[in-house]
Amino acid sequence: MSPTINVQQLSKTYQVPEREGGFGAAVRSFFKRKYKDVKAVQQVDFKIEQGEIVGFLGPNGAGKTTTLKMLSGLLHPTGGKAEVLGFTPWELKPEYLRVMTLVMGQRNRLSWDIPAADSFLLNQAIYRIPDDEYKQTYKELDELLELEPLMKKPVRNLSLGERMKCEIAAGLLHRPKVLFLDEPTIGLDITGQARIREFLREYNKRTGATILLTSHYMADVTALCERIIIIHHGNLKYDGGINDLSRRIAPFKLIGVRLAEPNSHDLSKYGEPVQNEEDAEKQYIQVKAEDVTRVTSKLLADLPVHDITIADPPIEDVIEQAFNQ
Amino acid sequence: MHTLRLLSAFFKVNVQMALAYRADTVVNILLNLMWLGWELLSLNIIFNNTETLGGWGIGELIALLGVFRLVNTMMIALIWPNTEKFNASIRDGSMDYTILQPVNSMFLVTFSRITVWRIWDLVLAVVLMVVGINMSGDSITALQILTFILLATTGTLVIYSLWIVLIAMTFWFTKFDNNVTILQALLDAGRYPATVYPVWLRVIVTFIIPIAVATTIPLQALRGDLTLASTLLFASIGFISFGIASQIWKAGLKRYSGASS
Amino acid sequence: MLLIIKRLWQVNWAEQWQYRANLLMYLLYWLVSPIIYLAVWTSIANVKGDVNGFTANDFTTYYMVLLIADQFTSNIVIHTFGYKIQDGSLSGELIRPIHPLLTNGLVNNIAFKALTIMGLLPIWIILFFLYKPDFSGISWTGIALAIPAMILAFFTGYLLSAAITSLAFWTTRVYSIHEFYFALILLFSGQFVPLTLMPQIVQDIAQYLPFQLLIYYPVQLILGKLSSAQIVQGYVMSFIWLGIAWLFFTWVWRNGVKRYSAVGA
């Protein structure tokens, strides 16, 4: 079977108008606009199999949203190919649009002035969902997201978290097989984030849907995704298991040391000191994986060590490091 | 069939919204009556000073006002609210969702907002037409009524098509969110028979921004002033312009998704 | 202060220039009604010889001058400012040490005016050749008298519109209120037809209202149709209404801002 999402050499270059400030420039730009090429995505390749949840990471402006927009069909690439469920997304075939969804955390699809229930019914008509199927799906979504109490209020009166629940539910009424989620938890508090996360995991388990999501919150990614894809400046930087990431990108270990007299010695000659709030009595240094044994025995020999721990660095730091490479 | 289901779904949503803004609805009905009063007053001022305007009497101008109000209702009940929604959706990016729905996007953009209470305006328009025709004393045959309905429909289609072209321009020129003003501005020319205008203006309102095609010309058909050839010509202009507008809309969508560059 | 105005001007000019497509549309909107009225009335005058003493040329000159006077005295503050109060983006401007409406808003409107007048000029010249109005009745004195009158009228109109816009502090229906205000202008300013052709009752009321100062009064000044007594009376009215508009605006604004900060939008 071919992969659900198959991306080959996908590229997107934007032309952005350039203009200097000031009156003269304003007049000049009236007659002739200058453009500058911005390479948002450069020859990206990846494949995603049915049922996978993949985290799509990168700093702001890395090309994540552009890629998601191309995969959902909103944007035409300037080069390369992509297939989702056998469709070329940007042909915007209704058959394709009925089996995928794009949820953007910062955009509203629901009408603000009316209760979500009415917008849901509109979506039912738009996606041609038969009544019994609609009821079934709604029941399931309600079970997972506890929608019922929110349905009767105008959307503008809902809290951010409640609105996001409704947005996601509205995007899933037609039981899409592929979900593109752009920052689905943005702006939510910790419990709100956790709830959406739990829902996505459950939805994936029940329906076998394929999910590609971006998020600023590493917790989303570590909780949901076994696999991550990192892009930076439009280039693919990493594609693989989340657990392999630290080995491949940042082969470092974190050594935590508690001395007899806490914080009495400078450890910078053993490795790079790192801030870590976990234990105030401990000092942390970062060392290369192959040096761990040597540095540890040296520390034990040199200093009055009470306690020593060796751990992988936090995934956030590793990913940040990956961006900076 | 499915289209009808969709339309009724849109209609229900919009009834909901109208109910959420009851007070606004009342205010708007009052404003609408105010403008009707102004229109009748201005006709009164004109006909205090003359018996005919461009060959038409006051009865015919009242009937024309009725036809004008039909088009105007389309402007206000459909075109304005949907333009507003369209422009907002371009600004805040929710246009993305519109495109990703498995329904013709032109259809979605046209009918997602309906100012429901405006429907009473259609009744008012018909009343004005009946009263005006009665005052004018013209005798009307069934065939004339049929050609009138045909040409009013195709004329409206022309204006609708022009609207589609205008909002599609937003895909090329960002910050073009005042796009419908030109239509509304020239629409005012439809209050008076195009025969009043100097030639250059008549050419503009008949062929370039063809307001007269939806106002003066159907009424001419009702009076029996049109030949069969010109009836067919104006009817076909309606369908042709709709075809062109659909193509421009498609090109605009391509532009939006970066397919053309 | 001068520097502030200079910078504001630069920003607003550049901004308006960016919106040139919109600007063209506004301009068309403004142009169409007078051109239609011109066509309607000249066609009547051509048939009848004259309408209540107005010949076709009288109508043509009236509307041609009106096009310019209207450009000078009108404003768009409801469109550029109304939404700021409603969506809360006014907050950012309120904490700046300049008055949002009396500096930024005003400069923005003037920049807009400057551009629309630039855009109007070629169109006006084309219309001039299309209609070939006989402007022989116009004198430099009339124009010299009209310019300060139009400046006064612009500020009066601006303050009145700004006050109505500021009603957005209380009601979301400010656009409906403005529509009503707009209808009053249409009725009493002489925009539809020279006021002397309006019903007597409208004329009687109009002379006490500020709206005729926006259009009818400056147009008549330029056309040299007013007696010295009428000119003096017009100027007196201009100053009185400027004062009233100022008081009205400052009162609405002060209370509105108080309310705004109390609600904490």
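Letters are used for the chains, namely A, B and C, taken in the order the chains are written, and counting of residues starts over at 1 for each.
One rule holds in what follows: a contact is a pair of C-beta atoms (placed from the backbone, for glycine too) under 8 Å apart; a residue touches a chain by one contact, two chains touch by 3 or more.
Note that the structure is a prediction, hence the values are computed from the model and not measured.
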If I average the C-alpha coordinates per chain and also across every protein chain shown, which chain's average lies closest to the global one?
B
So which chain is farthest from subunit C, going by the mean of the CA atoms in each chain?
A
Whole-Å separation of chain centres (CA-atom averages), subunit A against subunit C:
53
Centre to centre, by mean C-alpha position, how many angstrom separate subunit A and subunit B?
46
Distance in whole angstrom between the CA centres of subunit B and subunit C is 28
Scan subunit C for residues touching two or more other chains and write them down.
18
Within the complex, which stretch of subunit B touches subunit A?
2, 5-6, 9-10, 12-13, 16-17, 20-21, 92-94, 96-97, 99-103, 108, 254, 257-259, 261
Interfacial residue positions of subunit C with respect to subunit B in the complex
18-19, 21-22, 25-26, 28-29, 31-33, 35-36, 39-40, 43-44, 47-48, 51-52, 130, 173, 176, 179-180, 183, 186-187, 192-193, 197-199
For the complex, which residues does subunit A have touching subunit B?
12, 14-15, 69, 72-78, 90, 92, 94-95, 97-98, 100-102, 104, 106-109, 111, 113-115, 118-119, 121-122, 124-128, 154
Which residues of subunit B touch subunit C in the complex?
23-24, 27-28, 31, 34-35, 38, 42, 45-46, 49-50, 52-54, 173, 175-179, 181-182, 184-186, 188-189, 191-192, 196-198, 200-201
